[in-house]
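Right after this note come the structures.
One chain, chain A, appears in both complexes that follow, with chain B as partner in the first and chain C in the second.
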Partner chain A sequence: MGNTDKFLSIRNLNVEYTSGGDVIYAVNGLSLDLERGKSLGLVGETGAGKTTVAKAILRVLPTPPAGIKGGEIFLDGEDILKKPEDKMLDIRGRRISMIFQDPMTALNPTMKIGDQIAEIVRLHSDDSPHEVKHRAMDMLNRVGIMADRFNDYPYQLSGGMKQRVIIAMALVFRPELLLADEPTTALDVTIQAQVLEIIRHFKQKFNSSMILITHDLGIVAENCDTVAVIYAGQIVEYGSLEDVFDRPSHPYTVGLFHSLPGFAVGEARLHPIGGSLPDPRVHAAGCSFYPRCPRAADGCAAGEVPNRELSPGHFCRCLCPEV
Partner chain B sequence: MVTDRKAGFPVAAAVPAMRQKKEGMWKQTLKRLSKDKMAMLGLVGIVVLVFVAIVAPYITPYSYETMDTLNMNVGPSWQHLLGTDTLGRDYLSRLLYGSRYSLVLGISSSFLAVFLGIVIGAIAGFFGRWADNAIMRMCDIIQAIPGVMIAIVVSLMLGNGYWVTIWALAIGGCSHGIRMTRAQVMSVRSSEYLDAARTVNCSTFRIIVKHILPNAMSPMLLDFTMRIANMIQFSAGLSVIGLGVQPPTPEWGAMLSAGRDFIRSSPHLVIFPGLFIFAISFFINIFGDGLRDALDPKLKK
Partner chain C sequence: MSAVIEVKNLKKHFDVPGGVLHAVDGVSFKVEQGTTIGIVGESGCGKSTLGRTIIHLEESTDGEMFFRGEDVTRLKRRDLKKFRERVQMIFQDPYASLNPRMTIEEIVQEPLWLSGRYPKAQLDEAVAKLMDRTGVEERLRRSYPHELDGGRRQRVGIARALALDPDFIVCDEPVSALDVSIQAQILNLLMDIQASDGLTLMFITHDLSVVRHISDAIGVMYLGQMVEMGSAEALFNRPLHPYTKALLSAVPSIDIHNPGRRVVLKGELTSPINPGPGCRFRSRCPHADRRCKENQQLAEVGEGYFVACDRLSEINDQDNAVRNHRGKERGTKI
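Up next, the complex of A and B:
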């Protein structure tokens, strides 16, 4: 995680929310890297800061209450956070685009789906109205929706079709980086497979990189090259898919795998990780997973936990990792 | 209809149901509306009055200004179907002409009130914080004073006249629309599709106009129709105290209040304009009720 010549690298990102006098530390010194054309799985439980990271990359966090308090986000060596707002046109929806979690709410219910795709084309190009419409229809076709549905409203589509429209919107400009924020959480399993297939297909075709935000480890296993496990706004384990899945080292990662339902005979109960996320208003010293950790030792609560490289490219933020 | 023998129910029935789903919201609303007899009666009444207003010069027996000095202040007769006023002007002609002024006054003041409500309410709801605070406190002040009083103050400041009255009524009535739009905008503001719009670099103006307002406007549409009748009644109230539309403009409210001095000797001067105001209010209100039910069928049950 050293150099910054990677396609995307986030360095020491801090994001805070202010709410009624309280400061909520959502992302605390998060760093990660992504190479061009690769996929990164960002895994963590609800409230760990996954979506905040994605929105920080696009600089669309609502300010206030949110505020980026420090850090750098390099895209091809350029710090996005230092760009003036009017230069973001080039980035938002063009070089980086985002797929949202819930297709039911991510489309404007009063706008025709075709117009919603066309709007993006219109915002980013000088095409004539005819070309714009043609491009939007073409995009609909590519995600497997007949172009004659151009004039349909979102309520006339099924959930899977809506998600495909959202994917079409994200892909019109062949983005270099795709932020997929739990793209399949709201869909049933068959449609999940369809949607992931479409995303995978285009990602390969356009050679896009992707950050796949999810809490479904199965999806990560199928779609990602590297995995980052996020806990309380920090990456606790980072490495290649094989490193993290075959040799999970951080007790939290181990707990995540352990909590998956097993199918062995006699497995009557699930094995959850006890407790819940620490209070994000408290900026505690030491390891944030310490209160829930089965391997907690004396030194854990004391000071900053170093990010150790267990094997080349496999990092773990723990004093006593399982190896 | 094809019947599946095993299932024993008509299979083809599923197909038209699918097609029906493709109808837009407006088409469905119109369909429901057309089944509502009261709403249709209201619509017919409104259309007739609007038609009368348009063709008034061709159907009135006299000009609305011509004075028949031999027949002043007389009741209905064959010569003057609805009688004459104190200056001997044909009352029917004045009332038919008056529909022009009254309808335009009702519609434009109501439109202005709703328009102000949407613009100011959207600013308050979207930007929040101090903009919201300032606008809401202004609304508190306006709402603490009766609407008619505000209209009186505005008329006093701007003087009398037809368009001044319209503005006075609009300003007096806009605070309700401001609150309503603000609440709607706030409920829409946190929607995910606005986040999505931001991630493709939509400007704030575009987000408000294209993504928020269309999702926040339907109550205002209803407010607009229901308000028209109110505005005509308010203007009659203003005329009573000598503000608002001034004679010789044949506006119904102004005619009503001009006739009140002769209510004992010539009651027709008050009764007929009153009936016309009643008619337009009644038609608009039953149409508005029907429209509300058609827009949101769940409300009816």
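Up next, the complex of A and C:
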């Protein structure tokens, strides 16, 4: 297959968690496509299921309580959900890497940062100890950390530098797919700008594909080719950056834009979305956004909501989209 | 003169291993009745310490503070209690700042009965009124903080802050932990209350679009010092200090057709421990030269507009020249 345009394809993914007798429906029939070398912004609020999707792709969901209840995840045409665990070890860190939100918890506090990068190199290659160290140092250098910090422990680094170490670990094998889960949320804006530039640089250099998980629409605007808006475990709108930013169609997407203080400068009042996320323990029929939707109509509460293609490549899961 | 709060050359230093941490280092400003001052800056710049020092959660090291013209720099126990009825604080993490063992009713009621202003019989009604004003549903009276979502918890924090009808509230990152749709609800609530009560607010945040929306005036802090201060509109439309320029340009824009010109700063915030003389931004400033080793004073460069950079006109001429040059390259007029 090689260079198919659908490099990553998620079909009808369902993930549930069990918690004290309750079933939490985290991801509900989610489908997504990503082309090679492109960046997809996965946007949504806390609890929408963004991180669960990323962890499902990497197959690192804690099972139990989590369980993948259905669906397929094709990487280059192969369903990785069907692969045995030992094959996944070759994929993780080599073909797919993840950058986590919180650099403080993603690093081992008792291990030198250089050794943490070297550990990954050792795990996935037959390099000699000398080569391993050289490669780790080189990678540190590339993310802008001087080689003399090799023997530092995480507590000796600032938040921005820790996130650079995480990026170095994620990129050392030039992954084909990079999952970046809120990579700059814990950082200040000037540091965020530095870190995003490093990610952009390497992504381009290695022609990696990326899923960038964020709640910041500005970061999506500057870093992504396509956008998927996720609500209650479903993609409610999907399209090119221009489709979604110039012609937002799902009422939830529209609501997100209108909630932003920077959207209409000079307007005294913001226009928030009323209410809050639905109870994830209830597997309701119909549209999950219906109780909060300003456009809700009679048919919305019951039955399947179709995923309509409004224009080529621009999808919206809504009975009455704004056009 | 109707300044509610005025601080002059306020300092808060902490003794730490290795020296003295200059968290707030000579900050002066005043806030007029019914307006909002936004304080922005990155983690570690001293903005929270500034807020905490003003409401006497920290004791100031040096400088003066005035509340409605009255010197409140040093307060005796009794005066402090009175002062705290007039000034309040709303915290970033409404979960950590609400007692988990108290019900919502008890939390909102506590300041009322501590003040001794309300007879027991009226407490119930006062609580109901506060909950109604802040949009906390009556059915949540007997709930505990952990049963509420982040937005509702922050509404409870606001109800508690409003209980004694204060003049001045310090809001320390009150919406930073919330999702945008909930954040918008809370910002609207704060602005509504301000409009109806004539409240004076100090709004501390690292989120520049939020601060622009809510503030009349804005102060930009860097390593304990104010580097630029003035009206929100002027500061966003025409930032002057190199740090403010970089900070504003670093915010990702949702305008996909007009990406701004980004100044990516090198390095990170340097240490506020024993900072030494000279401009504290110079290690990251793209314009720095040896003249920046001199101390920079916050100087008035326009009416009510202050910047701490001696080389301001020179730097801005350079920036404009670069912009004009680039404009010509692209063949666009500026």
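Please note the rule applied: the second predicted complex is superposed on the first by the 312 of 323 C-alpha atoms of A that agree within 3 Å, B and C clash if a C-alpha of one lies under 4 Å from a C-alpha of the other, contacts with A are read in each partner's own complex, and residues count from 1 in each chain.
One rule holds in what follows: contacts are C-beta pairs under 8 Å (C-beta built on N, C-alpha and C of every residue); 3 or more make two chains touch, one makes a residue touch a chain.
None of the values given here were measured: they were computed from a predicted structure.
After alignment on the shared chain A, the placement of chain B and chain C results in a side-by-side fit free of clashes.
Contacts of A:Gln194 after superposition on the shared chain: chain C is touched, whereas chain B is not.
In the superposition on chain A, A:Tyr238 makes contact with neither chain B nor chain C. When the two structures are aligned on the shared chain, A:Thr46 is found in touch with chain C, with no touch to chain B.
In the overlay built on the shared chain, the residue A:Arg269 is in contact with chain C alone; chain B does not reach it.
Judged by the touch definition given at the top, the superposed model places A:Ala221 against chain C, while chain B stays out of reach. Contact with neither chain B nor chain C is seen for A:Tyr25 once the two complexes are overlaid on the shared chain. In the superposition on chain A, A:Ser259 makes contact with chain C only, not with chain B. For the combined arrangement built by superposing the two complexes, chain A sits at the apex of an angle of 80 degrees to chain B and chain C, based on C-alpha centres and given in steps of 10.
Ranking chain B and chain C by residues of chain A touched puts C first. Minimum Cα separation between chain B and chain C in the superposed model: 5 Å. If you check the complex, the residues on chain C that touch chain A are 42-43, 149, 151, 179-185, 187-188, 191, 206, 208-210, 212-214, 246-247, 250-256, 259, 262, 264-265, 268-269. By the touch rule above, chain A contacts chain C in their complex via residues 45-46, 158-161, 188-194, 196-197, 215-219, 221-222, 241-242, 245-246, 255-263, 265, 268-273, 276. Across the complex, chain B is touched by residues 55, 58, 60, 88-89, 91-94, 97-98, 100-102, 105-111, 119-120, 123-124, 152-153, 156, 166, 169 of chain A.
By the touch criterion stated above, chain B contacts chain A in their complex at residues 21-22, 24-25, 191-193, 195-202, 210-211, 214-215.
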